[in-house]
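Two complexes, one shared chain (chain A), two partners (chain B, chain C).
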Partner chain A sequence: MSGPSTRAGDGGRAVSARPRPGHYRRPWWRGTAAVALAFLLPSLVALTLLRLLPGATALWESLHHTSLLSGRSFVGLGNYLDLFANADFRGAVAVTLLFTLVVNPLQVAVSVALAVLYTRRRMAGSKVWRALVILPIATPPAVSAVVWSVIFRPEGGLANALLAVVGLPPQGFLTSPDQALASIIVLLSWIGVGYWMLFLIAGINDIPAELYEAAELDGASPVRAFLNVTLPMLRRPLSFVLVAATVSNLLVFAPVQILTGGGPEGSTNLLMYDIYSRAYSLGDMGRAQAEVVVLVVITLVIVAVQFRMLRSED
Partner chain B sequence: MRKRQRVLASVAGAASLALIAACSPGSGDGGGDGTIQFLGPEDPAFFEPLIEAFEASHEGYTVEYTQVPFDQYNSTVQQRLSAGDESIDVYAVDQPRVPWMAAQGLLEDLSDLEDRAREATTEGQYSTGIHQDKLWALPVWNSTQLMFVNQDALAAADIEGPGTDPSERWTWEQTAEAAEAAQEAGTEWGLLLEQTDFYYQLQPLMESKGGGSGVVGEDMLDQDVANAEWVEAMEWFGATFEDGLSPRGVGTFETSPLFSGGDVAFFVGGPWDLGEFADSDVDWTVAPMPYFEGGEEVTPSGSWSWGVNPASQAKDAARLFLEYAALDPAGNLASTERQTIIPANTEAAEEYLPRMDALAGDRSAGAADLISHEVANTGVVRPVTVGYAQFEEVMNTAFADIRNGSDAASRLEQAGEQLEDAWAPLR
Partner chain C sequence: MPTNTSSGPGAPAARADRPAGRTRRRPRTRRALITATGAVVGLVFVVPLLWVLTNSLRPSADTFRFLSPVGWETFLTLTPALDNYTALVGTGLGRGILNSLLISAVTVVVGLVLCATAAFGLSALRFRGQGAVFAVIVVSFLIPFDAIAIPLADLFRDWNLQNTFTGLILPGLGNGMAIFMLRNFFLAVPEELVEAGRLDGLSWWGVFWRIYLPLSRPALMGAGLMLFLFQWQAYVWPLLMGTDAEHVVGPVALANMQGQFSVDYGLMFAGSVVLILVPLVVILSLQKYFIQSVSTSGLK
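The block that comes next holds the complex of A and B.
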């Protein structure tokens, strides 16, 4: 709206509108800044009400303790000290970090591979395959969780039926402490890969075809073209996908609640579920708020490290 | 162009104001228009007769029921009520949770109804609503557990199953042996508890061994969940899954289709299953819930009470509905019309229980007498403590782990430590 042409047009008027004694001066709320502010206002209000205010509340509440007998009292960092002394919380942090280290590279790598496959390679029925990969996005997470609970059922489930076909013994999946987290990762990747792939397909389609033609003329193999053309040109959408996937996966809740309840033996007790359980099942709001703050800090640190790594590649 | 800019800017500003207004505390859905918002975990169809009867007898009032799935019910109620949600007027509360909810100020004091409440139900049921000498909730239903016996499965194994007579009650050891034989004769699963990892149904295992409820102490905030009897009971429970008598991957309340499909020889469930299994093609009978050899004969008890949200804007209307459902025999009876559950109201129960015998023809014969016997003689209450919510959460998770193969002794030790930690803020 307020592009260069508009400003050029205003330039002449600005000279004639030089302040003179007794001349009407336009109030600030009728100027361009006010219009810009009005446009920004919904975002600023939403940011303040839905992000900053709850964040500040969580931080403040995390410094308090509420007891049925003694009421509410300021405890400083007491909730944080209690949390770090708690074996279940330490377990939840370890599970969350392990989960983050596995699920994000896995989802991003598969998304990139599928995006390249569906754009750079001509394969029969690629549009149908692409639609099938995208389809899980349209399935509500709770429904996906129920579908996968049937697939992963140790007795009579589809996964064990397939394993039986290739002569492998039945597995415990969600009922096994060694396999439950991996099973959740498979479920989440089934949903997430198609979603992140969409952004990467858009990024690949924006890469000028001339670059690939030049690489081909130089005798570059498809792998070389991928490494030297696709990946460097895909860095920006890739950065977005990596950061967004990380944040999204740190906030995973519904599948854990529906499928495992954090078990078996705490093996799927991700921080988000632990916060919910501490707040609403155990009723320990002070420590739950402290855990929220810890989760936000972990998220910020991981995202900052990712940004730094991606920047250093520049 | 400028004019359009300003119009758009004004719209953006108005949107911001709307956003602020939307985020500000509102007056909620409840109010003075006679609408009562009612929250519970049951199927909405169950409450249609009750709501219709109430609306017919109380002109100007309407009841809107919202269902929250059973698995998420307690945490959702806790979340909404502790945030001062005004859009709930009446809500269902699991009886042992009444002290916890009352202590947090999430139940309205109903002490003025004490005399009427005491008169309407049994002393045991009445006492579930009491915390610190005040009445906070009214019992609507009661419960027990029965063992459903698949006669087809037992016939295939040439075994004669238990009858309905409580004096001929089978032991768990006897049941497991017969279940194994039935499996060998072709039935897929031998034994299945309906609520595979819920304290409600597993408490009798420990109580039968003499291990107690797991909660001790003057203020009922000390745990005793790793004593020898608890470990023995849980080792037996874990072995039923380890040995393949019961399936591991079927969650609580997903179990009844296995029995009605003929895949289970012995199924321990509630009176509600009498109606549920009535349509099944399986030839089944009912029997008393087993006990451990040399142990006590015990069964679960208790069910849902209903209370009023202190933040409700329609408390008077809410109390009217609650009184009708719990204290008026006609209302209490209407709450059981579409589901098989024991009315907490004594008068309603007397009229209702005989119906249970005929729910599934000959198959449910003897159920009414058996239920009456269990309620009067073998029912154990869940521990009455302000820490019950934490206790149930920690124990249910431990039971699920033991079902999935965790060592019972060490897992119960861990649960004990978790309870100490969870109860610390309550002391």
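The block that comes next holds the complex of A and C.
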């Protein structure tokens, strides 16, 4: 770094300011690498130890098998092959896929609908009603799970009491293999929809009013105006919301661990919970780490696709 | 052209403020309809919260009393009592909530210092290899924390950080997203200000402390909120740290109650209300910064 070249980053500020032909003035920010590193060091250490290192150890451990008798041995991709041959893991992948394909379009569609609804200028008190939808976003996921566990109680829960009002028979909710996943989707969307709606409302408010006025002059119906003005103009916030929702829904854990333990009949065994039970209930660390790697890779691919999409638009 | 707008009911009326007689009724019914829809949807979302709040204000024995049939008393009580809240004191749940407060507060203060200095190093100063450092930070926040919580818990076990507040606080400090957001904000600080500060003899720390920080209040609020919510909502990590009664956090203590044989619902709901109310008050009082941080982190 401190070689003869005066371009070296940390040469210090004392380098002679000999006037050169092109009267090139040494920029004020040169020679600040050491200072910058001092400012950056604490965070770099924290991020390396707390984010990158565990990612790296997961990768490393996933290539090894550890047993009490023989210690650690290198098994290559063995853990991954075992994992994909494992019925529980394949079940978890299927459940996660189904969950992903339902929960994300649902949350995005509902939050678009609500964002459009609550930006109608003709609604009286829209700010108040909108605030009611936003209130649940403050609820931590684990708290939402606990609250909804009481609402969903098959006997004497609020949900069945409300169903009785409209004359429907009581349901099993979290105890039913057919309804448990849907019940979890409800309690997650109760928080999620209001959150995603915030981004979309911001996006709608950024759309120039002239575009709507032009559509009105052309005699476009509200539906047409939505399809031809709102949706195209919302492309960026929409694609962001879709990806952010997909990533955060891939990581759903608290409701499964608190409410169903992956059941009944594995119907709510999402990937995050499968990793957790593989690591701690089964004590199968090598394969659990392989599963961590699979989950991280899926997430990174989704985010990379988003970056691609946003970049190609610019 | 105005003659064929009949297919778009009410559309022209929005602009011409008060058109004459006949066309006036339809916008009004439309307005009523839209308002009713908005109100009903809002109420649907708030009903669970209302039910929890009401039940936190009545004795546990009454939790399920007003459900069949559902009536106004299901969601409201005329005799609210704070007994469940005072009963929180001294319980594991009460302890957990206090621990959550402590962990979140320390994380916000220390985390803000770490993230703001790092953002300063990435924006005010320029050096070779900056791109590489920036890439490390971006990669670190693209890796979802919950996914790597299990390998990290293994490391923390080796480092003897289990069952310590340090172990609970540390993962909240390295927040690449907050650094990224602050850096974007810092980049907008005019170079002339920095130059002037340097000429006046300010050290780099002085430039950071006297120029950047005072100019960046909104971004700091947004980043602080991010750090706070990360810790307040944490569940996977505190669970993995195998916290004993002394180090348990609010959400974990609440979830532990749920699995028990006989549940004190009044207490559980009071704890839930506190765990929801704290972030709610923070979000509402920082609403402006929250929306700002949400939109800058997401859209730019």
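Descriptive notes on the structure:
In this text, the second predicted complex is superposed on the first by the 243 of 314 C-alpha atoms of A that agree within 3 Å, B and C clash if a C-alpha of one lies under 4 Å from a C-alpha of the other, contacts with A are read in each partner's own complex, and residues count from 1 in each chain.
By our rule, contacts are C-beta pairs under 8 Å (C-beta built on N, C-alpha and C of every residue); 3 or more make two chains touch, one makes a residue touch a chain.
On a predicted model such as this, the values are computed, not experimentally measured, just so you know.
Contacts of A:35 after superposition: both chain B and chain C are touched. In the superposed pair of complexes, A:152 makes contact with chain B only, with no contact to chain C.
Once chain A of one complex is fitted onto chain A of the other, the partner contacts of A:257 extend to both chain B and chain C.
When the two structures are aligned on the shared chain, A:240 is found in touch with chain C, with no touch to chain B. Judged by the touch definition given at the top, the superposed model places A:46 against both chain B and chain C.
Of the two partner chains placed around the shared chain by superposition, chain C is the only one that A:141 touches, whereas chain B remains out of contact. By the touch criterion stated above, A:117 is placed in contact with chain C alone, chain B being left untouched. Which of chain B and chain C touches more residues of chain A: that partner is C.
When the two complexes are overlaid on their common chain A, residue A:109 makes contact with neither chain B nor chain C. Once chain A of one complex is fitted onto chain A of the other, the partner contacts of A:81 are absent, as it touches neither chain B nor chain C.
Comparing which residues of chain A touch chain B with which touch chain C, the overlap comprises 35, 38-39, 42, 44, 46, 49-50, 149, 157, 257-258, 276, 279, 285. Residues of chain A touching chain B in their complex: 1-2, 6, 34-35, 38-39, 41-42, 44-46, 49-50, 65-69, 86-88, 149, 152-155, 157, 172-177, 257-258, 261-265, 276-277, 279-287.
Listed in rising order, the residues of chain C touching chain A in the complex are 1, 4-5, 7-8, 10-12, 14-15, 27, 30-31, 34-35, 37-39, 41-43, 45-46, 48-49, 51-52, 63-64, 67-70, 74, 114-115, 117-118, 120-122, 124-130, 133, 136-137, 139-152, 154-155, 170-171, 173-174, 176, 179, 194-195, 198, 204, 208, 232-233, 235-236, 239, 251-252, 254-255, 257-259, 265, 268-269, 272, 275-277, 279-280, 283, 291, 294-295, 298-299.
Residues of chain A that touch chain C in their complex: 9-10, 28-30, 32-33, 35-40, 42-44, 46-55, 57-58, 61, 114, 117-118, 120-126, 128-133, 135-143, 145-151, 156-158, 161-162, 164-165, 190, 193-194, 198-199, 202-203, 213, 216-217, 219-222, 236-237, 240-241, 244, 247, 250-251, 253-254, 257-258, 272, 275-276, 279, 285, 288-289, 292, 295-296, 299-300, 303. If you check the complex, the residues on chain B that touch chain A are 1, 5-6, 8-10, 12-13, 15-16, 19-20, 23, 71-72, 74-76, 78-79, 82, 100, 103-104, 247-251, 386, 389-390, 393, 397, 400-401, 403-406, 411, 417-418, 421-422, 425-427.
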